[in-house]
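What follows is chain A paired twice: with chain B in the first complex and chain C in the second.
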Partner chain A sequence: MAVLLILPFVAIYGLVFIYPTIKMFILSFTDAPLIGAGDWVGLENYERLPRDRRFHTALWNTFYFVALTVIPGTLVALVISLGINRLKGRLQSLVLALFFLPYILPVSVVYLIWDWTLNFQFGIAMHLFDWAGADRIPVFKSTAWFMPAVGFVTIWWTAGFSILLFLAGRRAIPEEIYEAASLDNSGSWSTFSRVTWPLMWPVTALVSTIQLILQLKIFDQVYLFSQGGRPNDNLVLVYYVFQRAFQSNQGGRAAAVAVVLFVIVIVVSVLNFQLTRLSGGRRK
Partner chain B sequence: MNPTRIHRINMAGLAITLITVIAAVLWAFPLYWGVVSSLKPEDEVVRPYVELWPQTLTFSHYVHALTQTQIGIWYLNSVATAVGVTFVTVASSLFCGYAISQLEFPFRRALWWLILASFMVPIQTLIINHFELIAGMGLLNSWTGIILPQLIHPVVIIVYKQFFDNVPKDFREAAVMDNASEWRILTRIYIPMNWGVTTALSIVTFIWAWNSFLWPFLAVTKTEMMTITVGITQVSDAFGVYYARELSAAVLAGLPVALAYLVFQRKVTQAITLSAGIKG
Partner chain C sequence: MLNLKGLAAGICVATALVSSAAASETVVWWDFLSGGDGVRMKQMIQDFNKEHEGQITIDATTLEWGVPFYSKVQTSAAVGEAPDIMTYHASRIPLAVEQGILTEVTSADWQQMGLGKNDYADATWDAVTIDGKQYAVPLDTHPVVLYYNKDILGKAGLLTENGVPKGMDSRDGFTATLQALKAAGVKYPLGSVTADGNFMFRTIYSLMGQQDGVLMSGDEFLAGDNAEKLQNALAVLQDWTNEGLQSTYTDYPATVALFTSGEAAMMINGVWEVPTMTDAHAKGKLFEWGAVELPVIFDHPSTYADSHTFAIPANKGKEMSKARHDAVLEVMSWISRNSLFWATAGHIPAYGPVTNSAEYKAMEPNATYSSLTANMIFDPKSPKAGIAGPIFDVMSSYFVPTLNGEMEPAKAVEEIKYELNDL
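Right after this comes the complex of A and B.
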């Protein structure tokens, strides 16, 4: 009985998860094209990477993107969630829905909406530039503005998720603690810094690591906003894997890049797991 | 506390409330702007000043998108693949989660650790080998080919295991005394007691599958097999540089998931907090 119950899941996992993962490692030691066999080349694909300029761009941009989104996105979500938490009843649900709605939409819709909002000629956001007396900027066509702009859109798109987790974390704090704090005549800043912030810390750590792992794997937004722009300046790691494999037909070299990202994400996840375990142990 | 202090706190509280509400409106404004722009005639859209409401309200872009483009068939592809992903993921995770939670079998702990470990693996790095696999099976440009690599959602099985673990053991013992089979115990006790979590997980899995971009984008080369999220960004000649038309396509693509969220708000937020490892 147990075998029958686990069989569908195990079969699917073997086929689309275990098998491709093992194949990816093997592929990275060959010079195979996207489809078809290749010769064993040992570590050659990896030895190329330190000299590969596009790999440098991709690695740097990925970390840059992480820096632009993870901590700022977490803080924005924290502030918004504290604001929402003060609201009551229907107003609270309405405001939460307004912040949350973008998160539920497909990346393509987010792309079309912001491509329109920030359109150089007709975008409504460009009126803000005019109004401020600044020159309009074709944000997605300029290398300097591309990552910050995509980072901004990404924060807008994904903040709803973090806000939800922060709200759950805030509701888990017993109200008695706040009553005690107000009896002690604690001001709103000291209540925040002595009560809310320390008790929200575990959720903050959770939200920022989820964000970190998510943003390391970024592809969709960068690809979409790069269309008609300068993809080679905007490369991120997944994009580079895609480019090597699907545009240059070099499966082996692409797999080596994929393995690098694979290892980065696993290392970050394991570190995070150990850290939460350590701090959890201390709290007990 | 003296009265002026209470007064000051109330003023500050009111200010924070006001700022939050204004921020929420500004936050959602691009969505509103996208919808309003899609309801304007093309010449009104490109006027050099801001009009928050169309002078001439028109649904012509929607009529165009629905009748003159392939959006209908993209809708069908999206619905079929998202339903497929949801059904297979939820069903296989439910059975396997039940087995891991309630039954004894060899390698049970190993399987559980494998599932937890797979939680960390970045699926995006597997695209090359997914492509090779699906191409080798001759499934590129097919619904099955779009569905298969999207079936890895370890979160669903992890949530199911937690919920099954929490069903009181008395129910199981009573059923065993009545000589009920495992299948009966699962279908008469464990599934009915957890309908709520099944609905919540199904809704979010559907939303995830509907929204997925990278794999459907790679697995499909023929325009008539595209899902809607891929089609509206890849087939620009269908819409040209008609901004309002493009936005009407975006609204059509986002509508099903936006409605799913607005109708099942509580379920969606519950499933999403659960998927992050917080008990809702």
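Right after this comes the complex of A and C.
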């Protein structure tokens, strides 16, 4: 009976995930174009990667982006959720809704909002710069500003979901513990560092792992904000896979990059989850 | 999921029954024309449908221009879901042929349409030909031109008796015109799409063409002194930036806005913005304006152009019926013959009898800039070329910093050459 019940899931999972993944591995050893099969070339697609300048850019930018978003994004969400937790009743729902609102926007809308805001000629933010007497900054057209700006936009966009998770985690902590802490004359910092932080650690580990996997796979925002600008300087791994597959018609080489990303995601997320679990365990 | 599929199949069968009952062919059409030219194309489709009532109906969908359009075409042709006819950039044909997603337009097809080689300019015919076979029917060529604000230039005394800008024949002359505009208090003498390197490829490649430079010789990029010619082209544009003569970090919509609001006195842009200007002017919302062939900065006139064409996708595992194929040929033939209206979208119709007609020669501003047809250059014929292709991305990444004065032209050319040859 149990087998029968999980069969539909296993069948669909096998069809849309396991099978394509195996095909991707096989594809990465061929010189296939985007559509159709190719000849076996062994490890050639992988051997090219260390010498491939665009691959280097993509790899570096992906990790840079992860550094800019995962930990900062998790901390920002934690701080906001603790703030929201102190509010009461309707006000709490209202503020929570406001922080959650960006999360329901499609990425194209997020892109348009921020492109309008930061447009070099007509953006609202640029008028603020003028007013403050500062030089205008071509945010999405300069390599120094691009990744930090996209990172900021991403945190603004996705923080809502992490806030919800943190809020649930905070509410799961019994109030008695806080009462006991206040009886012991615990100040707000020691209450946070000795009660809230350790008890919320499992949620923090979860949020940071979700963020990590999500940000390693970053594509949409980077692609949209690069349009017409400096795409090859802003490459991230998924963008590079897209370029190879859809622009250069090189399915095999694209698959090799995808396999590398696949391995990175698995290794890094397992490492992250284990590390956060272990260090959390020691605290207890 | 299976139910949905069954339902979809049912609907397909139903529509097939309905259309065969009416003995009329429905031609599924995809295009990427969403600007002022898109409005005109919709008008033409309507006219076509009216004239062919009961025989052929075009069912048109407009998709997002550029990468989204071409990605969708590639994948849908592979699974037999592509349309019956689609618009295609001539510059993208080499890649499409390599991928096997276009159906050849045979000599029998040309005969049936009543069109042929002699109806087109050589460069245009060549742009749709791969290894002696044609893969598309050219609709137009769309070069870039120089738009100018007659009111501002007139007031600054920078118009000739013919009403065109002064100094169009040399680098010094044109720079002097820009400087005079600056001195007259114009914020941006030249509105330039400096935030979009993809777009600037058109201008820069034109300037290379003015020195007889080419991008590809055989399989090599920027061989010999071609690198130097690219560097010359970049240096001119960077000088204009350094002297404050053109707008910096300006994206496409902002450039058009700067020009139409009068903050930029001139603008280099595609002919497809002609309807924007014509329509605004007709409503009394725009100054007096004109459009001319690009200035000759180097040795001789030369302008980069691409061509909109019609192509028939090679739908995998789905043979097109004879009746449907005939209908598609009729669509291509009719639109070509009636492309005089398409010229109001700014484009230069590819079909010779239209551009040779007295009506076309009386059209403005088209007649003023149509002289450039003799000096057109197209993209190199390579699967890597074409709008939204890999060459564009490499160029764009280095054009943007160079045009805005962040990178030396020599350095940019060195990097571009390395990356192009590394593609």
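Please note the rule applied: the second predicted complex is superposed on the first by the 249 of 284 C-alpha atoms of A that agree within 3 Å, B and C clash if a C-alpha of one lies under 4 Å from a C-alpha of the other, contacts with A are read in each partner's own complex, and residues count from 1 in each chain.
Heads up, the rule we're going with is that a residue touches a chain if its C-beta (ideal position, glycine included) is under 8 Å from a C-beta of that chain, and two chains touch if they have at least 3 such contacts.
This structure is a prediction, so every number in the text was calculated from the model and none was measured.
After alignment on the shared chain A, the placement of chain B and chain C results in a clash. In the superposed model, A:35 makes contact with both chain B and chain C. Contacts of A:144 after superposition on the shared chain: neither chain B nor chain C is touched.
Using the contact criterion defined above for the overlaid structures, shared-chain residue A:164 touches chain B, although it does not reach chain C. Put chain B and chain C next to each other and count what each touches on chain A; the higher total goes to B. In the superposition on chain A, contact of A:243 is made with chain C only, not with chain B.
In the superposed pair of complexes, A:231 makes contact with chain C only, with no contact to chain B. Of the two partner chains placed by superposition, chain B and chain C are both touched by A:119. Of the two partner chains placed around the shared chain by superposition, neither chain B nor chain C is touched by A:134. After superposition on chain A, the chain B segment that clashes with chain C is 218-226; the remaining candidates among 92-100, 110-118 or 218-226 show no clashing C-alpha atoms. On chain A, the patch touched by chain B and the patch touched by chain C overlap at residues 34-35, 119, 121-122, 246.
The touching residues of chain C, when paired with chain A in their complex, are 67, 70-71, 74-75, 78, 95, 98-99, 101, 195-199, 247-252, 254, 257-258, 383-384, 388-390, 393-394, 396-398, 400-401, 404, 406, 418-419, 422-423. Those residues of chain A lying in contact with chain C across their complex are 33-36, 52-54, 119-122, 136, 138, 141-142, 228-233, 243, 246-249.
Contacts from chain B toward chain A in the complex involve residues 1, 9, 12-13, 16-17, 19-21, 23-25, 27-28, 30-31, 33-34, 37, 45-46, 48, 50, 88, 91-93, 95-96, 98-100, 103-105, 111, 114, 118-122, 124-133, 135-136, 148-149, 151-152, 157, 182-183, 186, 207, 210-211, 213-214, 218, 228-230, 232-233, 243, 246-247, 249-251, 253-254, 257-258, 260-262, 265, 268-269, 272-273, 276-278, 280.
Taken together, the chain A residues at the contact with chain B in this complex read 1-3, 5-6, 8-10, 12-13, 15-17, 19-21, 23-24, 27, 34-35, 80, 83-84, 86-87, 91, 93-95, 97-102, 104-109, 111-114, 116-117, 119, 121-122, 124, 127, 156, 161, 164-165, 168-169, 185, 188, 203, 206, 210, 213, 216-217, 219-220, 224, 227, 238, 241-242, 245-246, 251, 254-255, 258-259, 261-262, 265-266, 269-270.
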